[in-house]
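Each in structure tokens, the structures are laid out below.
Paired with subunit B in one complex and with subunit C in the other, subunit A is shared by the two complexes that follow.
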Partner chain A sequence: MKRIRILVAKPGLDGHDRGAKVVSMALRDAGMEVIYTGLRQSPSDIVNAALQEDADVIGLSILSGAHMRICERILELMKEKGIAEKPVVVGGIIPHGDAEKLKKKGIAEVFGPGTSLNHLEKRIREVAGDK
Partner chain B sequence: MFDQKKLKQIREELDQWQEKEVDRALGKHPERSERFETSFGESLERLYSPHSVENADYLEDLGFPGSFPFTRGVQPTMYRGKLWTMRQYAGFGTAQESNKRYKYLLSQGQTGLSVAFDLPTQIGFDSDHEMSDGEVGRVGVAISSLGDMETLFDGIPLAKVSTSMTINSTAAILLAMYVAVAEKQGVKPEQLKGTIQNDILKEYIARGTYIFPPEPSMRIITDIFEYCSENLPLFNTISVSGYHIREAGADAVQEVAFTLADGIEYVKAAIDANLDPDVFGKRISFFFGAHNNFFEEIAKFRAARRLWARIMKERFGAADKRALMMRFHTQTAGSTLTAQQPQNNIVRVAYQALAAVLGGTQSLHTNSFDEAIGLPTEESVRVALRTQQLIAHETGVTDSVDPLGGSYLVEYLTNRIEEQASSYIEKIDELGGMIRAIEEGYVQREILDTAYRTQKEIEGSDRVVIGMNKFTSEHAEVPEDILELDGLVEKKQHQRLAELRETRNADSVRKSISRLQKAAENGENIMPSIIEAVSNYATLGEITSALKDIFGEYTESVII
Partner chain C sequence: MNSNSLTNGDELSLSKALSVVESDRISARRLISSLPEKHSLVVGVTGSPGAGKSTLVDHLSLRFSESAKTAIIAIDPSSPFRGGSLLGDRIRMSRASRSGKVFIRSMASRGLVGGLSPGIYDAVDLLGRCGYGFVIVETVGVGQAETDIVNLSDLVVLVLAPGIGDDIQIMKAGIMEIGDIYVVNKMDMPGAEQLARRVKSILEFAGIEREIVMTGAVEGKNIDKLSDLITGKLNKLKKNGEIENSRKKRTEHAELNAALFAVREAATEGVKLEELIECLQKLREGE
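The block that comes next holds the complex of A and B.
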């Protein structure tokens, strides 16, 4: 089984990093390679990091309500850079209606509050094509 | 507190009770768990009795409400005299929309305002800056200039209401705007009542809205302290915040320890800036979370109050009673809310709020039940406010002061939390103080370890979360009614800013910005020049970026 490389990023100005950090620790314990960006990453910072790190999956954590705009920007930039096929997953306070819209736009999965770490790990393996 | 002979007798009978009654009961039914624990990982006994607090000295450790060490409360009559301030944190969208929400809350019996700013405002970007894209008006109201602040408080008499502003690295700018708006209303600075959070250290630890490195940040803070002690004597110039530390994953002991360690750092900085702890100490307030574990939380508030009084007296030699007393705001713990079965959150919030009241809080925010899903609606905010009003007017818990004082369990927990928090503070002292401990990532790592442990406990169902890992429902409950933000907020803000930049006097903006930079460079107090700059309609982003030129920017040390 190939080791999955995941970039965990905090886009925008949101400072709530408990989720991103706990998820990073859990995925690392589950045997993935985790690159955590820290706070305040612009969409282009994130896409560049995904390229440089050759990430298999990009995980975004957004609790500020800016998810629609930020995800759109990141998906656009990924297309421009030719990495549109890489799966992007998002976690945070994302209203149900928005989650549906995000999936239509190409986000592979949305994890809301209360998601278990087991489920998260399983879904990330699935979207990474490692079943 | 107890007679030695009596204590001996109690201990003997306790042993007998253990052997006869307890062992027999356990033989029939084992207990629900092998171990019952506090949030900070200590084992809880089956029963607390006088032997659990046998070393306590009533007069020294508890005393009387309104007297040192304030364990039982900061006022002699507490809620018999005056209820706590019911203060719901609110703000979203444009200044105009938030102004409407404030007027609504005041009309519903709320007694103070608490302003939530959006992230660009908190981090010093104007609404039309690239980094503000998608964030304008999201987690709070967008304020880029004095014009926005004038709209925000339009028709709200600043001489009468007290306003709390959750603002940290840009606190000096927002406070300057508040002073300028008041002046336009004919209200003098010395009449203004309220609080600015102004607690940068917990931003590095847990909340993330820092701009400048620690050293210039601490200097800005002491400039604010100094300016306010002369000009806004009724304003609380800092709200040292444990809330965000707790929300980031800390347990009750870490919340108290890290918050008070931050407090110590601010007092040291103020003393270095030649401020008198007896004067300045009166303007420090605190902010804690109210979490789920009911008795532990009550004990936490009492322990924090006692420990702070002792620190101010013993470490800093303060003598004025008001400088020794810890006054604090409380918010119920957002991280305990679930998106599943959201109505359950109303009950969670009620218990947490009750703990805050039994712990003697000075003001309280109760969360709305829909906050794990999105921004609260007018209806959910009303239920949250009514929860406080129910506690205040129907339960009777406000009729005697510190009603749980003397409970063996609560007193024992109060002692333990104080002891444990003190050892943490000693550890931080050894590391060279809180700034060093933060720069080394020590504090962040301690919190993250607890957060990860908590998450694993939830996963393993060692920690029950109703509706999430126990008593779950088959069908997902999605509330229909969620607050949708005006999609045009960002555009409206862009327009307002474009108009502002055209109509204001560009020359006076430029001059006041360069005066500010000189003051920042020369070590003069920067508050007067910030007030001048905002009065000339220099924007928040312009002022922040001028200061970045002088002070530089902080980059986080990422720890995982």
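The block that comes next holds the complex of A and C.
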């Protein structure tokens, strides 16, 4: 099994980082290397960090409701920087309809409330290409 | 990935190359030796967990980046059970990270217990050849004996903070001996002055002449003083030629580190230790 490196980031201004922390710990315990970047990151902070860290997966935790705009911007910047091939997954309060729209735009997976940590780990391994 | 994009300062190529360094040593060595030899000034920053290393490194890297390309390698521990890790040093490095002037890479210690990570020597070598004038290596939060950083660095900054215990802790062998510069961070906290005085008197007693700097990393206090002291000392090492010695030492330890890992890998793959020793003896006799 490959040692997956995942960047966990909280874009935007919401300060609810419990979810991101729980997920980071769970993925750490699943044997992954989790780069946690903390609160209030701008899309360019996140893309820059993903580039420097050569993360296999980028995980975003968004509870502010601004997920559409933030994700669009991050995907745009990733293209500009030449790292569009890295899968991006999103967790948080995302309405079902928006989740579908996000996937159409290129988000690899959306994890809503109630997602089990086992499912999360499994899907992240899948999108990282480590089945 | 070609060597041109690496020497031209392309961050994406460098980032990918560092992943090779962490995953495949043989390819990494091939790649590194294809680049012209060039050295960084390597500053090691070590100290106990929560002493303020990452915040200090954040400030220092920005100062250094005014005179040369600067990179940070920040190491955090891997789990001894599942191998995973939580790399959280970037959280404290938002200034450097946002400035766009500093290259920051997090690394997991992956079973190395000396405070560093297996790929660290190759990573430092690579950054030097890619034109980085300064590399700051932040160790995992250390206890008393994780002193490998001294073999890797040209200069070691030992970061202390109030609340570490009494004089006896400072008198112990190991970590307290390896600083070229001693920093007492969190200078506004009770006990900071007292700690600085204790460190001073114990160093004096041991006949070691070292500077002690008090800083407030969060508030940005005395950062210039510390930064000037570091660059001043590095310049002196360059002038009097001592830097060559520390580079030689680094190369020796890089080889030692690689050898240790090769043996460990062989052992985990089930190669019998007796067979390994026999092989080595045959190799030696063949010389």
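Note that the second predicted complex is superposed on the first by the 131 of 131 C-alpha atoms of A that agree within 3 Å, B and C clash if a C-alpha of one lies under 4 Å from a C-alpha of the other, contacts with A are read in each partner's own complex, and residues count from 1 in each chain.
We adopt the following convention: a residue touches a chain if its C-beta (ideal position, glycine included) is under 8 Å from a C-beta of that chain, and two chains touch if they have at least 3 such contacts.
Predicted model, so just to flag it, every value in this text is computed and none were measured.
If you count the residues of subunit A touched by subunit B and by subunit C, you find the higher number for B. Of the two partner chains placed by superposition, only subunit C is touched by A:Ile83; subunit B is not. Of the two partner chains, subunit C is the only one touched by A:Arg3; subunit B is not.
In the superposed model, A:Ala30 lies in contact with subunit C only, and not with subunit B.
Once chain A of one complex is fitted onto chain A of the other, the partner contacts of A:Arg125 are absent, as it touches neither subunit B nor subunit C. In the superposition on chain A, A:Asn48 makes contact with subunit C only, not with subunit B. By the touch criterion defined above, A:Lys101 reaches neither subunit B nor subunit C. By the touch criterion defined above, A:His16 reaches subunit B but does not reach subunit C.
When the shared chain is aligned, subunit B comes close enough to touch A:Ser64, but subunit C does not.
The contact surfaces that subunit B and subunit C form on subunit A in the two complexes overlap at residues 24-25, 28, 34, 36-38.
Taken together, the subunit A residues at the contact with subunit B in this complex read 12-18, 21-22, 24-26, 28, 34, 36-40, 42, 64-66, 68-70, 73, 93, 95-96, 112-114, 116-118.
Put simply, subunit C touches subunit A in their complex at residues 11-12, 15-16, 18-19, 23, 78-79, 82-88, 90-91, 94, 97-98, 100, 103-106, 108.
Residues 3, 24-25, 27-38, 45, 48-49, 51-54, 81-83 of subunit A are the ones touching subunit C in the complex. Contacts from subunit B toward subunit A in the complex involve residues 119-120, 122-123, 125, 130-135, 138-139, 203, 206-209, 247-249, 335, 337-340, 372-375, 448, 451-452, 455-456, 459, 465, 468-469, 478, 482, 485, 556, 558, 560.
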